[in-house]
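Both complexes below contain chain A, partnered by chain B and then by chain C.
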Partner chain A sequence: MATDTQDPNQEFRKNPSWLYDTQSGTYVRKSLIGLLTLVVFTYVLFPLYWMVVTAFKTTAEIQQIPPTVFPEDPSLQGFRMVVMSSLQTSGYDAFFEQSFGWEISSAIDIDILTLIVNSLKVTVGAGLIALVLGTGAAYVLSQREFRGKNAIMSLLLASLMFPGTAIMVPEWELISTLGLFNTHLALILIYGAMTSPFVVWLMKGFFDDFPDSIVEASRIDQCTPFETFWYVLVPMARNSLIASFIFAFLLAWNELVFALTLLDNSKFTVPPGLLTFVQGFNTQWNVVAAASIIISLPVLAGLAYIQQYFVQGLTGGAVKG
Partner chain B sequence: MSYVDNAQASYEHAIERVPDGVRVYLPILPVMSLVGVFILYPIAQAIYSSFFDKDLLAPAEAEFVGLANYAEIWTSETIHQVLWNTFVWVAVGSIAAIVLGFLMGWLLYEKLPFTSVASAIVLIPWVLPRVVGASIWQFMFGGSQGIINELLVQLGVIDEYIVMLGSTELSLWPPIVGMIWRLAPLFALLTLTSLQGIDEHLYEAARMDGATPWEQFRYITLPMMRYNLAIGFLLMLIYNIRNFSMVWVMTKGGPGVSSSTLPVMIYRTAFVDFNVGLASALSMLLFVVLLVFSYYYIQVYDKVQGEF
Partner chain C sequence: MTHLEVDGVTKVFGDPEKDGVVAVNDLSIDVPDGDFLVLLGPSGCGKTTTLRMIGGLEDPTEGEIRFDGTVVNDIKARNRDVAMVFQDFALYPHMTVRENLGFGLRREDNDMTDEEIDQRVTEVAEMLEIEELLNNKPAQLSGGQQQRVALGRAIIREPRLFLFDEPLANLDAQLRKTMRTEIDELQSQVGITSAYVTHNQEEAMTIADTIAILNDGKLQQLGTPDQVFNEPANLFVAQFVGSPDMNLYSGRVTDSGDDYTIETEDATFEIPKALVESEIDTSDVLVGFRPQDLYQRAARLTEGPDVDAEVRVVEPVGTEAIVHAETESGDITAKIGGFHDLAAGDSLTFTIAPEHVYLFDAETEELIKGRLMSERAEDAPTNGVEV
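Moving on, here comes the complex of A and B:
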């Protein structure tokens, strides 16, 4: 629907409006829209710009008042401090000094490498659990009619709404009772439980749209329902499966509440680790911003892939384009 | 023995023996048990704990106190302040995110080129790790070097830098601004997707009948999007009311409880004051509100999809 200065359908209108059908009205309308675009997108994009710019400033420039909008002296100081302090805390500094003659010493301690490894362990584990359990359930829920199906679907949908803050206290009690406190297994199971309803809904959407004729063809070839599922549907669902996995990955990568309450410092994943760091060193914002950028990279890579599934994933398939 | 029997592995014989009415539940069982143990059971546990005076560090010495925790919610000034904060947060945050998100979605659909690239960029605030987004805003709102203070001074709104995050009157607002920044893109994408789903021919027909662009919007666009907007609205409410990270990173709910919302209060009660009983009672409040929201969510969902 193009909005030209001259509306091609103008002649059909019974009541011409000033805003659309006069020259001055068009100018007012266009400049208002331009201004609106500018304001809205500045609000969204400026914080991102600010994070990137801050990461490339020197510590001295960060403390200037008023702050500089463009870095006067771009430097990689922030990134270097993050990398060095990770190497030092993980004990690689001796190795680098002996083999390359590099002196590594850092005044701060953030071990971003360990945080990322911990997070990867948790996210991949949770993603796989959600994927394996969720896909099978989605297939049955999509293909078969049985008693209690609507109740199960509603229950899964509702269980997407509660995790996080509403159940953090009883979850702590449960994990303590199970003896899983301060283990990554606890987080893997919880994140798996949080994301598998997502996967069920997303994959059910895929199976619902899947052409029946292919399923029938495999049945005529004497496939059991399981074989149909495993040899026919799963290979064809590859893209949806990858998208589901990335959704589970993103959720687990970003989750703060359970990671903060169920782990100790030594086992922290990325979100609570970064939080501790921000609160300990909030004068050195260039280092914080550099660390933030490093841990945001996997998320941005994931976003590029799942963009087309995003709305479906967020609404459990209720909103389709 | 027919060739079909040969083709089947032994575990399939075992599955064959399960009556068909029960067999369909087998693939659903793992998901349901995981969800049951880690999401539904804790809710039941919270109901139970809310009737006890329980210390986080000594859960064995719990003492039954009946409705005393709920009575404390009813009388405590502090908790009333927190509930009011939560109400302001959800109302302002959701409405602003919806208005802004709708505008963004509409601009993306109608006015801007490169829709798919632009919408990916717009989505970054939503997918960015919560702590990262919140700490950017904490830095921008900072009292000594914050860019927002500088901007307000330049605009003449204030005379000198003020410590917004540390002031009892103002500290609620910076996290709301941050939260709107995070949620608006999500609503924008919902809007964009629903706009793309509307049939062009409807607009053509309306133009033939002499509809102005406003009338087209009012009588075609809005009615066609009503369920999607309802889902978006409920998602905004849910995400706003259960948000923890934005407040916790920026202000820790302080000073005092001036910026605490319900989730932050639950965390502080349980893990700072170690009062599990009261925290569970507060969780029940949050839980009931979420239950109402998700009931309507499922209702709308049913309308969109028909039967599951």
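Moving on, here comes the complex of A and C:
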């Protein structure tokens, strides 16, 4: 029997472990976890940090060796160049010169606003194509039994493993045969096709877990198959649909190779557009970084708003609701 | 208002020629207009499949399903005008209770305006006492409330048929009892022909007008709750219906003039021929005693057998107790009053009135003699010993 003066921890201490049950063990444990977190954190975020500080450095400071971790002489030169280039390219330079007496001249002729608009056109279009085709296909693949179903699923998975560049040449042929060279529609079709397989897999997971009885309830409630799909399945699939759309959107937003090869300067989307800031030995890295930041902001804001659905959608299939 | 006929229906899952699984085998049931049919049986007996075929969610492999004489085999579920309550309620999670209730009406090909639908939703909600929940989503409701919404969704359309697929299985015991009564009342109120699936024999007995007992896809018996309890068609029905389980012993019958003499390992007793409807032409029988029909010899006198037993466990259930005891040949379970003096290890003698003894053919397991309806307290002479 334990007396009152005895430490209850002493009495109940079975299987003591140095790491988990002693004061010093706890310190070691917590420091290790903290250290590891710091390493991972740095690994992931350092490139972003470097982009931000580069944007605020002057050209001279960027080329300094050893490099400075923090800009010694913060400057908005990079941002100014981006804005000026945009204004000049879009033809507002004369307006500003007359109104405010600002002289605008830029060696670069890129309008980042046009880049963003072009990219949005392509990404939203591709996202919608992937969503419509992928969701329809996923519903059928999940709900119906037919010959060759597994083959189709495997094929879709295999197509995700191909690097896009592997089919560059045939795609190029196809696009020029269709007369779609140097159009945004070409990119919309290609990106839509590239992301559809992923959407099929994601949405199939959702439809597989979908309780049959709800579909049956809607049949008993006199729904046609389309009404079931539209009034019951789609609203319930909202989060998964948003997740699919974001995925397709991000892939299209970041894709460089097809956009670079299929489009002219005038129609460039964001990735090839940013690349034109990189001009061999003359590259002004602060301008590139500033343009990257400006271009990332609207997307970041949109994603921040919508990411609550993204996480729910990805885990929605895994955890029973 | 529908007269439902299930006529020679067979359902085979998979390829009937090769390794198909026969879920329902040549099932025929006739449900008169306004009747409450309960499909009862153990898991996998084909009761839910039968219900789903009636609703149009599965197609029969063979046979016909008729509503008021019209064959509906080829009519789609959405055109059959039936309503179904599912085991997991299957409410639409993204809709409020109001939208859930009105959904079927809106999809229906009718001339109802939004106001009329709203009016109808309110009526049904009042009937089920869920009017203050109308703007909630299903996830905010308790199990019993979800069940009410599911019921409401079924009755709002005034369908030809109600189908219930184990609607109470997901509720707790207390709620199950109240909801059972409510479903029964509701069905009598609206008078719509209903089919109800359950594996719970107590639920079936209390709620049904007609019970269809299924096993292995075959109909074992179709009858009123009284019939299946007192005159079970065969051993399976006798064992499935009634709680605690019936006590069964093998025995031999010999003809001794006015009586049949039954001999089991534990007892020998007579049953007057008058109590047996038809001639017994076999010598090997199974003798069945319902636990509720057994008495302590000390408490009352019957013409029936005496069975000596040693008490193993006493499980009190209020005024009565379920006593598990051991006889020479095996176990016996009795549900008796006056159990307070009993303890494990005590010896006692059970007795049963000959009217209450069940006899089954040992080979075919068909019923020979059922339980004759007679009041348990007055029919037998007591021997003067107080309970």
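Please note the rule applied: the second predicted complex is superposed on the first by the 231 of 321 C-alpha atoms of A that agree within 3 Å, B and C clash if a C-alpha of one lies under 4 Å from a C-alpha of the other, contacts with A are read in each partner's own complex, and residues count from 1 in each chain.
By our rule, a residue touches a chain if its C-beta (ideal position, glycine included) is under 8 Å from a C-beta of that chain, and two chains touch if they have at least 3 such contacts.
As the structure is a prediction and not an experimental result, all values here were calculated from the model.
J.: When the two structures are overlaid on chain A, which partner does A:Thr224 contact: first (chain B), second (chain C), both, or neither?
T.: Once the two structures are laid over each other on A, A:Thr224 reaches both partners.
J.: Please name the chain, chain B or chain C, that touches the greater number of residues in chain A.
T.: B
J.: Let me test your reading of the model: by the given contact rule, A:Ile242 touches which partner, first (chain B), second (chain C), both or neither?
T.: Touch status of A:Ile242: no partner.
J.: Considering only the touch criterion stated at the top, classify A:Pro211 as touching first (chain B), second (chain C), both, or neither.
T.: After superposition on chain A, A:Pro211 lies in contact with chain C alone.
J.: Applying the document's definition of touch, where does A:Leu128 land relative to chain B and chain C: first, second, both, or neither?
T.: Neither chain B nor chain C is touched by A:Leu128.
J.: Is A:Leu113 contacted by the first partner chain B, the second partner chain C, both or neither?
T.: Neither partner.
J.: Report for A:Leu189: first if it touches chain B alone, second if chain C alone, otherwise both or neither.
T.: first
J.: Scan A:Leu180 for contacts with chain B and chain C and give back first, second, both or neither.
T.: neither
J.: Which parts of chain A are touched by chain B and by chain C alike?
T.: Shared contact residues on chain A (touching chain B in one complex, chain C in the other): 222, 224, 321.
J.: Per the contact definition, I'd like the list of chain A residues that touch chain B in the complex.
T.: Those in contact with chain B are residues 1, 3, 7, 9, 12-15, 17, 20, 33, 36-37, 40-41, 43-45, 47-48, 50-51, 54, 62-67, 69, 129, 133-134, 136-137, 139-141, 144, 146, 149-150, 152-159, 161-174, 176, 189-190, 192-194, 196-197, 200, 222, 224, 226, 250, 253-257, 261, 270-272, 274-275, 278, 282, 285, 288-289, 292, 295-296, 299-300, 302-304, 307, 310-311, 314-321.
J.: In the complex formed with chain C, which residues of chain A make contact?
T.: Of all residues in chain A, those touching chain C are 211, 213-214, 216-224, 227, 231-232, 235-236, 238, 321.
J.: In the complex of these two chains, what residues of chain B are touching chain A?
T.: 4, 7-8, 12, 21, 24-25, 27-28, 30-32, 34-35, 37-43, 45-46, 49, 56, 59, 100, 103-104, 107, 110-112, 116, 119-125, 127-133, 135-140, 144-147, 150, 153, 161, 181, 184-186, 189-190, 193-194, 196-197, 200, 203, 207-214, 227-228, 231, 235, 238, 242-245, 248-249, 262-263, 266-267, 270-271, 276, 279-280, 283, 286-287, 290-291, 293-294, 297-298, 300-301, 304-305, 307-308
J.: Which chain C residues qualify as touching chain A in the complex?
T.: Listed in rising order, the residues are 55-57, 76-79, 81-84, 86-88, 90-95, 103-104, 107-109, 153.
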